[in-house]
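Here chain A shows up in two complexes: once beside chain B, once beside chain C.
Let's turn to the complex of A and B:
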């Protein structure tokens, strides 16, 4: 297992720090510039969701490999209200708040693998992978 | 952390270059500052350089759209210049098309375009005291 770090996600400035750290991991995994930008953008979207809708949580960033290719793994979790209808939350333009409703669906398009686990009262956990 | 993004006045225009990784409050403050400056200086155009931005997520994208919309209502044109190619690719895939926002590849081209946009707009404005067909304005 590669390098792994956990970052708190309690305030807006934590999103900036997470973006910077994800960028660093993506560079170290030798991802191309477009892939780097995509995983950093996806991290920003999911982290903001966890902060605004989930009341904050944490973000795990890990350097790993997938089928022999270097990869970046992210796990962003919160202990907020959770999502009752994940299918609906994944639709472009759907939002329970005031956003554009692109966070979840958009982030999924930007990464190579995406997993979401959530239930009412159980918080939300989103996992993202981007590989070389 | 940077507290404010500087806004420069140059003639009829306002120029700003976003050189830092913006946290959300900074983006919101920028919207407010810029709107106030447009009114204060009666600016006709705003050029926003984002060449140093390594990502534009939906929040920043929405901020740019808001700025363009509010500026339009305040009778100022906005142009966003210098977006990095990787950022543009990512934005489209994310689902943000930045519709209604004028863009240019760099500051020079952006400035020329902005000047033209403002000049074209001036032509539509009536000279003082001159009688004119009101339907021309209605079409604006």
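Let's turn to the complex of A and C:
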């Protein structure tokens, strides 16, 4: 197993740090510049959701490999209100706040594998993978 | 044994304690580049005096009023040292190095009660040490906050490239606060200069997520309402690809890959033509 770190996600500035660390991991996994930017942007989206809607949480970043290719794995979790209707939340343009409603669906399109686990009152956990 | 045993020792052996404490601090290593010996001596003397007075009225509750002078002094000192570049241990050493001379005095003079008195003294000094640390950290945090604030202000230069053409080169991570500040500064300047075109250059922005995109779009809309047109420049290939996958629609916003290209477009919009001067012989 590769390098693994856990970062707190309690305030806006934590998102900046998470983006920087994810970029570092992506560079080390030798992802191309486009892939690096994509995983960093996806991390930014999911982390901001966890902060705004989930009241904060944490972010695990891990260097791993997938079918022999180096990869970056992220797990961003919160213990907030959770999402009642995940399908609806994943629809382009759906927002319960004042966003563009593109964070979740956009993040899914930016990465190679995406998993979301959430239930009302149970918090939300999103996993992201991007490989070389 | 009443707490005043400690107070008694502090008062009776003040000058000896002072000398030995200075010795202990020197042995631990003084930052002679940051503080001179005279200051160390006068700080130490002052704290010893304050300690003796406060300890007389009880050492159990450092939050009590009579500890106010000691707390005040440690707070001021620790905050100042965190600004001056002392390390946390260097600052903590000031209080902790009093232990050795003080314990020795207790052992010499308190007889059977020594152990108990040493325990009292160590608890007191530990709490004072922690108190120093808290304010040392608070000092650091103040510095960090000030730096963040000054960066917010520094990073919002809206420049006039030509009569009627503004440009704002965005650099670094854009988060709500900073983006808001920049965008408001831009709109303000559009009004002041009656500019028709504003170029927002994002060459220096590492990530454009939905929040940044939304701020950009809002600014473009607001500028339009004021009669100005926005051009977004410096969209690098990786940012373009990311924006497309996110699904963000930039609508009818003009985008250009470089600030230079955007400037040319702006001049054309204003009907300004640049011609190279013919070489006359």
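One rule holds for everything that comes next: the second predicted complex is superposed on the first by the 132 of 132 C-alpha atoms of A that agree within 3 Å, B and C clash if a C-alpha of one lies under 4 Å from a C-alpha of the other, contacts with A are read in each partner's own complex, and residues count from 1 in each chain.
The rule is short, and it goes like this: a residue touches a chain if its C-beta (ideal position, glycine included) is under 8 Å from a C-beta of that chain, and two chains touch if they have at least 3 such contacts.
Predicted, not measured: the structure shown is a model, and the values here were computed from it.
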item: Partner chain in contact with A:109 - chain B first, chain C second, else both or neither; value: both
item: Touching partner for A:16 - first (chain B), second (chain C), both, neither; value: both
item: Touched partner set for A:41, first chain B, second chain C, both or neither; value: both
item: First (chain B), second (chain C), both or neither touched by A:33; value: both
item: Which superposed partner A:92 touches (first chain B, second chain C, both, neither); value: both
item: Chain B/chain C common contact set on chain A; value: 12-13, 15-16, 19, 23, 33-34, 36-38, 40-41, 44-45, 48, 92, 99-100, 102-103, 105-107, 109-110
item: Chain A residues within the chain C interface of the complex; value: 12-13, 15-16, 19, 23, 33-34, 36-38, 40-41, 44-45, 48, 92, 99-100, 102-103, 105-107, 109-110
item: Residues of chain B defined as touching chain A within the complex; value: 1, 21-25, 54-59, 61-62, 84-87, 89-90, 93-96
item: Contact footprint of chain A on chain C as seen in their complex; value: 173, 175-177, 206-211, 213-214, 237-239, 241-242, 245-248
item: Residues of chain A that touch chain B when the two form their complex; value: 12-13, 15-16, 19-20, 23, 33-34, 36-38, 40-41, 44-45, 48, 92, 99-100, 102-103, 105-107, 109-110
